[in-house]
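Per-chain residue numbering starts at 1, and chain names A, B, C and D are given in the order in which the chains are listed.
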Amino acid sequence: MKESKVLSMKEAIARYVEDGCKVICEGFTHLIPFAAGHEMIRQKKRDLTLCRMTPDLIFDQMVGAGCARKVVFSWVGNPGVGSLYALRRAVEKGIPHRVEIEEYSHFGMAMRLLAGAANLPFMPLRDYYGCDLPKVNPNIKELRCPYSGETLFAVPPLNPDVAIIHAQRADQLGNTQMWGLVGVQKESAFASRRVIVTVEEIVPEEVIRGDPNRTIIPGLIVDAVVEAPFGAHPSYVQGYYDRDNQFYLQWNDISREVSLLQKYLEEWVLGVKDRQGYVNKLGEVIIKRLTPPASWSQPVNYGIYR
Amino acid sequence: MKESKVLSMKEAIARYVEDGCKVICEGFTHLIPFAAGHEMIRQKKRDLTLCRMTPDLIFDQMVGAGCARKVVFSWVGNPGVGSLYALRRAVEKGIPHRVEIEEYSHFGMAMRLLAGAANLPFMPLRDYYGCDLPKVNPNIKELRCPYSGETLFAVPPLNPDVAIIHAQRADQLGNTQMWGLVGVQKESAFASRRVIVTVEEIVPEEVIRGDPNRTIIPGLIVDAVVEAPFGAHPSYVQGYYDRDNQFYLQWNDISREVSLLQKYLEEWVLGVKDRQGYVNKLGEVIIKRLTPPASWSQPVNYGIYR
Amino acid sequence: MVQKGEEMKDYSPSEMMIVRAARELEDGQVVFVGIGLPNLAANLAKRLHAPHIEMIYEAGVFGAHPLRLPLSIGDPTLVSGATAICSIPEIFMYYLQGGLIDVGMVGAAQIDRYGNINTTVIGDYHSPRVRLPGIGGASAISLLAKKMLVITNLTKRGFPEKVDFISTPGFLGGKRERDKLPVEGKGPSAIITDLGVFGFDQVSGEVVLQSLYPGITVEEVRERVGWELRISDQLTISPEPEKEELRIIREELDPRRIYI
Amino acid sequence: MVQKGEEMKDYSPSEMMIVRAARELEDGQVVFVGIGLPNLAANLAKRLHAPHIEMIYEAGVFGAHPLRLPLSIGDPTLVSGATAICSIPEIFMYYLQGGLIDVGMVGAAQIDRYGNINTTVIGDYHSPRVRLPGIGGASAISLLAKKMLVITNLTKRGFPEKVDFISTPGFLGGKRERDKLPVEGKGPSAIITDLGVFGFDQVSGEVVLQSLYPGITVEEVRERVGWELRISDQLTISPEPEKEELRIIREELDPRRIYI
C-alpha cells in the first residue's frame, strides 16, 4: 500500500545531499556509512558541514576529497593508530582548502543530538567544569538550575539537514533494525530533517514486524533506503563482518601523503562505479578474513493477541 | 564467580522496602508488578510514597490496604473503565487514612525520571504552557533558554528509594530483558537507589549474553532478582499472558465498596502465602484464557569474534 | 455508549462521532491515537479516504497491526506485528516534542467557551467535589501536535462557560492569548460530540456550533451548553454515516460492539 | 611501546604500567575502561586481586566477555557475549553522570604540575602547532567518576609546568580551585608512567613523585618534568611485576603482544 523508499545509493545521495548542507554520518566504531561517504565523494559534493563524534577515516577521506567546509566533532583521530592527516592538513595548512572545526566533548555531542532529536533549545549537562573548551567555543554556555541555583553547562541542539545511518537491515519503508553498538544513531536520525538509511540487507516487512523492539529508527522519519552490502567497510557490522583493523593501520600511511591519498581515492572511490565495484575489488580473501562464524540470539515470543 | 541476587519475594520486599520510603512500580499497562504490590500489602508496609505515571489497580489496592502516605502520578484511573475508588476515598475522605497526591503530566513524569536517572537537577520540556497545574504544583517551574531566551518549563528529578520492575526474564545477577512496551522502566531503575526485578523466568546467563541488546536493565544496578511467574496479572506480559480485561472491569465494582475491597484483599492477597498461592487460586481456566499462541521473533546473528 | 431515544436511527451517536472524527483526518497525516473512539476513527479513515495515515500510540507503538480491537492504551495486540516500539520518554521527546505529530485526539470531562479542557478536578483543586484522572498526555498533545481534535459527549455539566481547572489549554482567554504560547500547537480545531460538531472562531477562539447531526436542533444543543452559544452562519447538517462506513465500523473495527 | 635500552629487564615498561595500574584498582569497583593499557590493567586486576570488578566500555558495553584483545574501543568482540548494550547518551547520562563509575582511566598528551590534561592542541587553540584528538570522553570521566587514573609515558614535552589547553581538568590552579567544582570527581589520584608513579599533594594538588620503577633514578624523572618536581618523603620503589602477572598479560590478555 505504501510506496517503497528504496533507492540506489546514487539516487539517494543525489536527491538528499545538497552542496552546502549539514550531514551527520554516525556510528561509534560500528556501522560507519563508508559506502555513502564514497558516493558523496564520487558526486563531488562540496561545502558540506560534516558532523560525527569521531570523524574517523570516513571524514578524513571526504575532507581529503574536498567535500567539506567544516567538521563538527568531539574526538578526531584514527583510533589506536594516530592522526587523521587529511583532516589535519585541511585545518592546519588549507590543503585542499581551509576547513573549519567546531568541537565538543563526547558527552556534549551526544547531548547536542539528544536536544536536536527532542526539539529542545538546549540540553543541560555536568561536563566542561574547569575546561578551556567553553572559552574557545561560545556555543557551550553556563546555566543555573532553577531549583538549586547550582551551575551546569548547556549545549545547543544539533539539527543536521541529513542523517546517513548504516544498519544491518531495514524494510522498504525504512523501518531499521540494528544490534551491537547503537551509538547515537537514533538521536541523529530524529534530530535530522532528512534520513538516509543504508543497510546490509533489505528484508520483508514481516521480519521487522516479527521483532518491533529491535527497530531503532522508524520508517516514519526515513526518506530513503539503500541496500549496500559491506557498506560499512573498513568499519564493521555486528554479525556480518569484522572491523578491518589492517586497513585502519594502512590508512595511517595513505593519509599522510597527499599523493597516496589521491591515488587511494582514484582507485577505490572514483575508480569504481558503486559499492559493488568496491566489494569486487576488495576480493574474496579479505571478505572471508573479515567474516565471523555465526552466534545466533534466541528468538523471543511476542504472542498472538486476537 | 559473582554472587547470585536471587531472593524470594518475601525476602526482597522485607529487605529493600522500608516503611516511609519512596517506591516506584513502573510499567505502562504492560508488566505492572502486582506480585510485588501484594507482598508489600502482606508485609503491612506503611507510609510509602508510591510513584507511577498511572497508579492503576496496583496502587488502588495498596492505598486501600493502607500502605500509602502519598501518591505521585500523571493520570489516575482504571483505564477505559472508570475511577480508582480506593485511591479517591483516601484522598477525598481519608479512608482508611488521608493520602496526599502530587501530580504532573505524562511528559512531566517521564522527564522527572529521565532527570533522576541522569543525575540532572532538572529537565527542560515544552509542556505546561497555559496549564493550571504549575499554579498548584510549585515543583513545576518556568525556565529561560540560555541561547534563545525563550520560556520553557522544568521539572525536578524523581529519585525513588526503590524501583520494582517486572520483566520477562533476567539472569541471577539481575541482567534484565524485556520486550513489548518498555515504558519508563529503564529510567525508573537508573533513577532509584535500589532496584528489585521480578521476572517470569530466571534464565541462564547464556540466554542474556546471547542477545545483549535486549537487556533493558543491567545487573550492575540491580539489588534483588525474584522469580514470580504470572507476577504481573491482572496486567500482562508480552508473549506470556494477556491483560485480564475482565478483572479490570470487575475491579470497578470491588473498589467502589470498602467491604468488597477488604474481602478481595483478604481472599486474594492476605489469604495466600505468595504468588504461587494466587496463581493456584486463579486456576487453569483463567490462565488458559489469557495465554496467547506463540509468535517468535527471528534470531539475529551477533557473530563470534576471536 | 448507545443512548436511549436514538432507536429511530440505524446508527448510534458513537458511530456518528467516529465517522465525523474520521472525516477530519487527511491522507498522509501522522496521528497520535488513543484507545476507544479516536482509535476507531483513525482506523476508519485509513480504510477509506486516508490510506497513508500513520498511527502512533502513546504507549510507544508505531506501525501497529492489531488483530483485535485494542481495549487498553497498552494492549499487547498493538505490539505484536508492529514495526517499531519505543520508550515513553522517546514518544514524548522525539515524536511529540520533536514535531512529528500532525493530529492528536483527546477527550474532556469539561470543555469551555474557549476550548479549554478540564480533566483534573471539579471544584477547588485542593478540596475537589470530583477528582478526575488528571492530564496524562493531553497537554502535550494540545501544545505539540499541529492540530488537535476533542471528542466528548455534549452534557450541560461538561460545557461550562469556564472550566474549573485548565488541564489542557484550548484558546485560554481567547485566541490572542493562545497564539503567544511558543509551541507548534495552535489550539483545538474541532470538538466532536454526540449531537454535533463545534469549531472555533478564527479571530476570538470562541466555540462556534458548525454542524448538527441529522434530527438534532440548535435548541437541543443550546440547552447543554453553559454560555450564550454562537452558531455558525454556515451551520450545516452533518451527512449521516454511509453504509460502507458503518459496515467497516461494525464488521471490521468493533465487531463485538464494545465502543459503538 | 617497548623502549630501547630496556632489554636488561625481563618485562617491558608497558607491562610495568599495566601492573601498576591494575594494583590501583580495588575489588568490586566499577571501572570505566578504554582500549589499550587501561583495558589490560582492568582485566589483569580482575584475574588477580579484584575478581568482582565491573567493566563499562565507553562505546556502551556492560559485562563484556571478549574472546580476543579488543583493538578498538568499539570492537565487536566486546559485544558478542556481553550482558548489556546501551546507547552513547545512556553511557554518559546514566552511567557517568548518574554516578555509577568508581574509577576511570584516561591518557594525556600533556599533563601539568597540577594534573591538568591537554589532549586538544599544542600552541594556540586557533592556530595550533599540533592539533591533538580533543576531549572525547575524558572530561566527563575526570568530573564524574569518583576516581581517575592517568596513564601516559613520561616525556619532557608531555610534562610542562602548565598545559597549553586544559582539555580535562586536574586540580586546575590548585586543589582548592578543583574542590569548588560541583561534581563527584575530586581530581586525578595518580599518574602512571613508564618510569614511575606520581601522586598529588593532599593540600595543594601538586604532582608528587611517589614511586620509581626498579632501576630508574629520580634524576631521570626530573629531566623529563618541566618544573621543579616534588619528591615524596616516602618515595618507594615499585616492586617488579610478578611472574603470574606477566604470565596473564602475555599468555591470556595480549598473546599477540600488540600493546606490551
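Everything below uses one rule, namely that a contact is a pair of C-beta atoms (placed from the backbone, for glycine too) under 8 Å apart; a residue touches a chain by one contact, two chains touch by 3 or more.
The model shown is predicted, which means the values in this text are computed figures rather than measured ones.
Undergrad: State the chain with the largest centre-to-centre distance from subunit A, centres being mean CA positions.
TA: It is C.
Undergrad: Which integer distance in Å separates the CA centroid of subunit B from that of subunit D?
TA: Distance between chain centres, rounded to whole Å: 41 Å.
Undergrad: On a C-alpha centroid basis, what's the spacing between subunit B and subunit C, in Å?
TA: Measuring from centre to centre gives 29 Å for this pair.
Undergrad: Please report how many Å separate the Cα centroid of subunit C from that of subunit D, as a whole number.
TA: 59
Undergrad: Where in subunit A do residues touch at least two different other chains?
TA: Where subunit A meets two or more other chains at a single residue, that happens at 119-120, 125-126, 150, 179-180, 182, 186, 210, 213, 238, 242, 292, 295, 302-305.
Undergrad: Please output the residue numbers of subunit C that touch at least 2 other chains, ranges allowed.
TA: 61, 75-76, 79-81, 85-86, 93, 97
Undergrad: Which of line, ring, star, complete and other names the graph you get from chains that touch?
TA: If you draw each chain as a dot and join those that touch, the picture is no line, ring, star or complete graph.
Undergrad: In the complex formed with subunit D, which residues of subunit B make contact?
TA: Going through subunit B, the ones touching subunit D are 1-2, 117-120, 171, 173, 175, 190, 205, 208-210, 212-213, 215, 217-221, 302-306.
Undergrad: Which residues, counting only subunit C, touch subunit A once they are in their complex?
TA: Going by the criterion above, the answer is residues 30, 51-52, 54, 56, 61-63, 65-68, 75-77, 79-86, 90, 93-94, 97-100.
Undergrad: In their complex, what parts of subunit D are in touch with subunit A?
TA: 35-36, 58-61, 71-76, 79-81, 85-89, 92-93, 96-97, 120, 125-126, 128, 131, 133-140, 143-144, 165-169, 172, 177-178, 181-183
Undergrad: Would you mind writing out the residues of subunit A in touch with subunit B in their complex?
TA: It is residues 119-126, 141-143, 145-148, 150, 152, 154, 156, 168, 177, 179-180, 182, 207, 210-211, 213-214, 238-240, 242, 292-305 of subunit A that touch subunit B.
Undergrad: Once bound in the complex, which stretches of subunit A touch subunit D?
TA: 28-30, 53-54, 73-77, 79-80, 83, 88, 91-92, 103-107, 110-111, 113-114, 125-133, 136, 150-151, 179-184, 186-187, 236, 238, 242-243, 245, 248, 292, 295
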